[in-house]
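Chain naming follows the written order as A, B, C, D, E and F, and within any one chain the residues start at number 1.
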Amino acid sequence: MQKIITFGEILGRFSPPNNLRFSQATSFEVIYGGGEFNVAASLSNYGLDVEFVTALPQNAIAECAMRTIKSFGVGYKHILRQGKRLGLYFLENGASGRNSTVVYDRDDSSISQVQPGDINWDEVLDGATWFHWSGITPALSPNAAEVCLEGVRAAAAKGLTISTDLNYRKKLWKYGKEPKDVMPELLSYSNVILGDVDTALFMLGKDKLDPDYTTDVEAKEVFDKVFELLPNLKTLAMTYRNSVNASHQIIGGLLYNEGKMYRARLNEVTPVVDRVGTGDAFMGGLIYGLCEYADNLKKAVAFATGACVIKHTIFGDVNRASKQEVLNFIESDGSAKVDR
Amino acid sequence: MQKIITFGEILGRFSPPNNLRFSQATSFEVIYGGGEFNVAASLSNYGLDVEFVTALPQNAIAECAMRTIKSFGVGYKHILRQGKRLGLYFLENGASGRNSTVVYDRDDSSISQVQPGDINWDEVLDGATWFHWSGITPALSPNAAEVCLEGVRAAAAKGLTISTDLNYRKKLWKYGKEPKDVMPELLSYSNVILGDVDTALFMLGKDKLDPDYTTDVEAKEVFDKVFELLPNLKTLAMTYRNSVNASHQIIGGLLYNEGKMYRARLNEVTPVVDRVGTGDAFMGGLIYGLCEYADNLKKAVAFATGACVIKHTIFGDVNRASKQEVLNFIESDGSAKVDR
Amino acid sequence: MQKIITFGEILGRFSPPNNLRFSQATSFEVIYGGGEFNVAASLSNYGLDVEFVTALPQNAIAECAMRTIKSFGVGYKHILRQGKRLGLYFLENGASGRNSTVVYDRDDSSISQVQPGDINWDEVLDGATWFHWSGITPALSPNAAEVCLEGVRAAAAKGLTISTDLNYRKKLWKYGKEPKDVMPELLSYSNVILGDVDTALFMLGKDKLDPDYTTDVEAKEVFDKVFELLPNLKTLAMTYRNSVNASHQIIGGLLYNEGKMYRARLNEVTPVVDRVGTGDAFMGGLIYGLCEYADNLKKAVAFATGACVIKHTIFGDVNRASKQEVLNFIESDGSAKVDR
Amino acid sequence: MQKIITFGEILGRFSPPNNLRFSQATSFEVIYGGGEFNVAASLSNYGLDVEFVTALPQNAIAECAMRTIKSFGVGYKHILRQGKRLGLYFLENGASGRNSTVVYDRDDSSISQVQPGDINWDEVLDGATWFHWSGITPALSPNAAEVCLEGVRAAAAKGLTISTDLNYRKKLWKYGKEPKDVMPELLSYSNVILGDVDTALFMLGKDKLDPDYTTDVEAKEVFDKVFELLPNLKTLAMTYRNSVNASHQIIGGLLYNEGKMYRARLNEVTPVVDRVGTGDAFMGGLIYGLCEYADNLKKAVAFATGACVIKHTIFGDVNRASKQEVLNFIESDGSAKVDR
Amino acid sequence: MQKIITFGEILGRFSPPNNLRFSQATSFEVIYGGGEFNVAASLSNYGLDVEFVTALPQNAIAECAMRTIKSFGVGYKHILRQGKRLGLYFLENGASGRNSTVVYDRDDSSISQVQPGDINWDEVLDGATWFHWSGITPALSPNAAEVCLEGVRAAAAKGLTISTDLNYRKKLWKYGKEPKDVMPELLSYSNVILGDVDTALFMLGKDKLDPDYTTDVEAKEVFDKVFELLPNLKTLAMTYRNSVNASHQIIGGLLYNEGKMYRARLNEVTPVVDRVGTGDAFMGGLIYGLCEYADNLKKAVAFATGACVIKHTIFGDVNRASKQEVLNFIESDGSAKVDR
Amino acid sequence: MQKIITFGEILGRFSPPNNLRFSQATSFEVIYGGGEFNVAASLSNYGLDVEFVTALPQNAIAECAMRTIKSFGVGYKHILRQGKRLGLYFLENGASGRNSTVVYDRDDSSISQVQPGDINWDEVLDGATWFHWSGITPALSPNAAEVCLEGVRAAAAKGLTISTDLNYRKKLWKYGKEPKDVMPELLSYSNVILGDVDTALFMLGKDKLDPDYTTDVEAKEVFDKVFELLPNLKTLAMTYRNSVNASHQIIGGLLYNEGKMYRARLNEVTPVVDRVGTGDAFMGGLIYGLCEYADNLKKAVAFATGACVIKHTIFGDVNRASKQEVLNFIESDGSAKVDR
């Protein structure tokens, strides 16, 4: 039985209702989410045993985030209640030719102020089989990066599978270091990575390739570049995303493992209900797929891609789709008729 | 002057606002509708004299349904006020690749508990020219099926035109009988039927044909199968629906009468505002078309199809479009410019 | 440094929320806007110095309109506070094949009752470089037409650039005169006109041409017809709009100046968030473009078109896009990725 | 069997939600109401046969008002569909020490532009037993006053009971006449009047008395002054209202008939949900009480007062209380326990 | 360490927003609650270990109720997932002199259809110290009454403390039995009862006393009547409620134990935010008080009363107040100053 | 002509709608306010010339605060656009016996990170006649305290009137200093102070007096203690507030100047719409009163008290009442009748 630990941040997300711009809003919809939590919630929805590890302050707003964590059945017993504030971000939803915008207000959040040693990794990882982190955490602060490294090392020492979503966010990474100063050591432990090749190379301090994924041969060639740099890497996956405009996306998925390339079908998504968290939905589907369909990797990447497609239709950061709904989608033609 | 009776159920419909899933909703939009009532409301909007016959309990929520009926100018003087509850259903609206879902909670609704003899059909049908029912009512309970048969027989005896929307709902039909046990006798009286050929054959206990409608010759061939089985049938119509995804539909219409096939143009509908009740809008447009454009059946099916297309853009079960708006649409190119 | 005066009306706009029809609404969203004010707000958003001239009554609802004017940083010191009511209009938003509808309730609004001499044009235009008006104002009442002519003459006498949006609204023009009785003299002073050629010819009392804009040669030929009739005209621009349906528009732009035709790329807009004010957004972008990119008219028309495209995604009458956002859009491929 | 005609205006009422001020609102709640219509709706709720007579324009917003009229089961067959606009008013709801404010925008509404002769009073009053009008109508325009007089005379000629709510509104009466120029003749036909004595004297061109109602003797003395001036008056009623603040009212009622004074108990109302239409609720209850409890005038005034009290708890202009609810209230101690 | 089992029903509650009447609502607020669940949620909020036992169907709406249960940290592992529907009720919130109204739609809910033997009481009660049920459950159906009796007997056999809220609901009890046919045996096992004396006597088939609680002597006298009839009763408590009107309540509490009477102070509550669930809040506070302040019963009844008072200010069925908030309230003067 | 500078912070305020608790909210109402800005907005509403001085970051959310500042007509040209975040706070609105709660999230806001020298006080104060600050600013950070002192000294040097609202907030003051370390020097320059005597003594490092204000003699005695400690003080004012519960307040005001005590009448406020900013409303009314009614200090304190009372009925931080509305209130009996 799998037991999965995800480590990272959960934030308050404030967004104007409907398609209003920030300057028009007189109220904000509020939900609580964050890359690594969203993955945990997906996995719990699919029926896996999952714990989310983070730090949250002791106040009434952080309690709302706790309530969200509990409502998804995600384990929370290792969450530190310390530090001074819950990280926040503001989201203006785009439409058609107007892009969505994120304004971060997560400086000095509890997780970014966590101290090395605060988390008892031995206890946290006890009995676990899988450890997941993303490139957002080391972008927050030197402390967060160091604590992340503690976790990764402890997980590797205990023989857990380690997965990583590269999640490069330009507006973070403000504390004086660049990804290439921090990520190579962290990524060296990863067994599963989600992200496109150029982002991986950039984080590893290498040059961009502008790869072409048209044929499997082309795709393998560039994927192999990443494998050469990361000794423990077994599986590299990426979302294929053609952004026609903010409301219209074409979504597919690729998975590369032991020299074989697996692809999921392309799916038209229009209109997009909520773009945020769709990558996390892919990641959640990927971990689930690798655990449950280890002998059918085509199904694993199809599951991850289907999860990602459905998430585009769901408000909030989290993919509120059950395992059965994802399976129904990937086995259907996508016509989505009324079920009555 | 036409006077139309529709017989069936009106329910409370509860749906999460916007595109929320059930699990996210903290409020439900509430409207009152149901297949046969929706047809009545359409006809009243077009200016016809129409009575809705059903049973509703004596309580404050049923009063809300009554108020909806009155607000459309539909006649209500034959509605029985008896039984214990208003039927309900819950609707989760889909988007793109996520389908809409209906959860029925209509067991023991007043109409399903109606007793043979409760409705004085002689009085109800007095002065009427047209009787409409749908395949939903006999699916509810043995009582409802029997009372429906009472009505159909009385209408036939008085020489009314009888129309039927097949409306097959898999999640109903739970009381131990199958459509083929009940529908053949009921349908034997119908003069006008709305529904696709395979549903008709299934309800009549025959095998599926997987018909092809590409050419009129192919279409006629399969339509004729239905006519062979139903001695009183004069007009068979169907909605042509290509469901690209839950938010994107392509809609046309066919009508077959005295060996001639009439088609309406195909219309792209995206985005869909509300999918529910679009078949009822077609049915309402069809009855109106057959009454008013009896000598121009191409216009009749165009009117029905136009009504169906416009309904996709209107929130709620009922097609809140006037006769003039439907005519404007079918005479336009669909560019829908601002009227100012 | 440019200083721009726009003259016209600001109204209260009441619209059912979401996609509700009038008959379903239990509340109306309320915003304040109007063609010439929307242009002023756009220009203020881009950083120009702009004054809006109108008449508003002394009551609490008109104060709300004043507050909107102030909130955009538009100058308001020449606004007359007189007359008896704020003009209103009701907007039902369409979707797919259902068109939007406007119900005007602007009779006897303060601006329509303004008397010749009420506005001290000498003071208003002092220090100004540009005067903008639209074809809506002379459609309101004989008084409004006469005061508009006062303004145009005063602006011409002071050597200001004069721009006009033709803005033909069939539902206005009810006071007994037709555009051809009033517009020729008014337009004779215009240096910049926004509008299609057939509307221009109609307002000048000439016959329709049904022009074809496929090639520049064809387009120039018809544009030249308008220049022949208007001695002071230097620049004629038009929005190219292909209305697929109410939710799906394809938008481009043309600008003709000193015998040269400049075109902006075509842009797909779907879904449309708010169609109203998109022409005003083009006009605002055009004035800005002509002021700032006078030596690069291709950029000027691209800016105007980009502003128009973005406005389709913004709720309300006003284009709440900054100069930088418009520039980002016209330099991008329109994929509108999340900015985070 | 009573058949009641009420004559007057129905308007669109726009109010900020919750307790927002005009300057804060981004949406307005919209309902349709007006003094004489509110009375009609009350009477229909109590089960009487009632027709509302007014003039409404032919447009989509007026259709919303029509739909409201129909939804209360009030007769509408004599409503003229002519003229140019629906009257509107804006309501800012007060609270505690901040008063509610009304901004009228009803100039040139259809009813104010009605012409003498437009209404066929013979047809309207055929079969009727009661005619109701209020002091708002003659305040609107000379035309409205004249048409009201036509109606009053026709009703008197046919022997109907005539009732009047004085309803003095300072912000109306702007067309050059004062109440004393118009009201004396109109009121001379009234058999039942609702209003306080000083308002009656003011409308009849007499001096104020600042009456004291503490004892029945004092009250009778001042009531008699009004009877001296109005030959046909039989019943004079008034609401006793102590306005502690905008959210806290103490409400009672008095009725004077054939020299006898009848009083209803005082009721504390806090908080007030909606103050508007509470006088109309009293009027509706009064007419009902005089019709149904003619031999028990203490019950009649208790019914009117109870209706007024309950209306304070109901959003909108109309008293959505049934006859049974009013009776329950006047027979209870007002503790208003949950009914479950 | 206490472990508490509560047994009963959780329902969907639909209520018009703000103070709207049913007939005005276009949406319903939806929350999930029910007497015995509300008690469980209170206890979980105070930090106790609590399991809720009920039956819920397998559908998407019941999942929403499950999500609510989980979100309060209440145990749910013994909930049966069977039967056909979630019980519903509709709540119209009153104000001032208008009472709140409940319309039940809970026939055939899963708990009412539960069969004797369906619940494995041995497993459910294993390790538990306290069993709570209320008079609502035996009112639902013969089955529910019988299963409740199974639970009570099993709890008594295992030596658990048994508490009961009498909760008499006139609109339930429709299956042919009266409380006196069912309740005496059930109540004979109760150690703690919440309810007024006349309700207790009525349920036990005895005559009403109209007791007076002014002095402790008077109160004891009537309380003793109940103790005479119930051999296992140790503690009898009641809420003292003076309902000034629907928005204004005066709340106190009494507790009688081993011949001693304990009283909590009276508290003015105005305005009432939500009246429903205030009795359950008292019950939850009472169980907590009896467990934690067993040696200070004055504090126990003060805690129960304080919880009840605070619940009046909280939307929904459940008392979302922490233990600390209740303690702060009972130790304060009730002035409720801003905490900042 | 007065020109007033207020210096301090504007924050984003997020509050659950209606009376929801934090744990229930799925959206937050958002407004922008802060003690010193609220004063500026009040003064601008009354017609005075006022500039608000603060620091705000360069991001889209801070733009919303800017837009609020502009919409009140408050001057903003000296606002620094620097630093990293907009200060935020979360407000849970209480009711009856449940208190409101504030959760601050304003650490590292731009104003708290401002550096000495950042503000060019010479330029800011040029032409000004009055400088206002409050005890919140020095509570934020050592920097903010130092910059505040710079401003106070510069204002004193230029001979401006200096006013201060003591505004003690226990949850602030976290940077290692106590009020008595910082406030004595700052307050030594103040000419006008708003606050109660015990807060003043506490901030000046003196012992509490628990003063009694029943008679003027008693009140003067304790007020004199404060004057002894502050050489430049001319006017000391305080709000008299009796908090019955969170929804019910009794409000009066005192003003002490040159040995004379002036009192405003007591006012009952129930229900309270919004408690936050009522002290700022008093302060704004006080400055206005001292400027405009310098020779009638009874009117000055009545104006301040009336402004405070009205603010309790207005949503948001800012007192959206005009000068005329405040005057109407203080001249009325508070019955707050509908103005129509």
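General remarks:
By definition in this document, contacts are C-beta pairs under 8 Å (C-beta built on N, C-alpha and C of every residue); 3 or more make two chains touch, one makes a residue touch a chain.
Remember, it's a predicted structure, so these values are computed and weren't measured experimentally.
When the partners of subunit B are compared with those of subunit F, the chains appearing in both lists are A, C, D, E. The greatest centre-to-centre gap from subunit F, using C-alpha centroids, is found for B. Contact count check for B-D and E-F (C-beta pairs in contact): higher for E-F.
With each centre defined as the average position of its C-alpha atoms, the distance from subunit A to subunit C rounds to 45 Å.
In subunit D, the residues that touch at least two other chains are 18, 23-24, 26, 67, 101, 270-271.
Those residues of subunit C that touch subunit D in the complex are listed here as 14, 17, 22-23, 25-31, 59-61, 63-64, 67, 84-86, 88, 90, 92, 101, 103, 105, 107-108. Contact residues of subunit D toward subunit F in the complex are 18-21, 23-24, 94-102, 104, 169-171, 243-248, 270-271, 275-276. In the complex of the two chains, the subunit D residues touching subunit B come out as 67, 70-71, 73. Across the complex, subunit D is touched by residues 18, 267-273, 309-310, 312-316, 320-321, 325, 329, 334-340 of subunit F.
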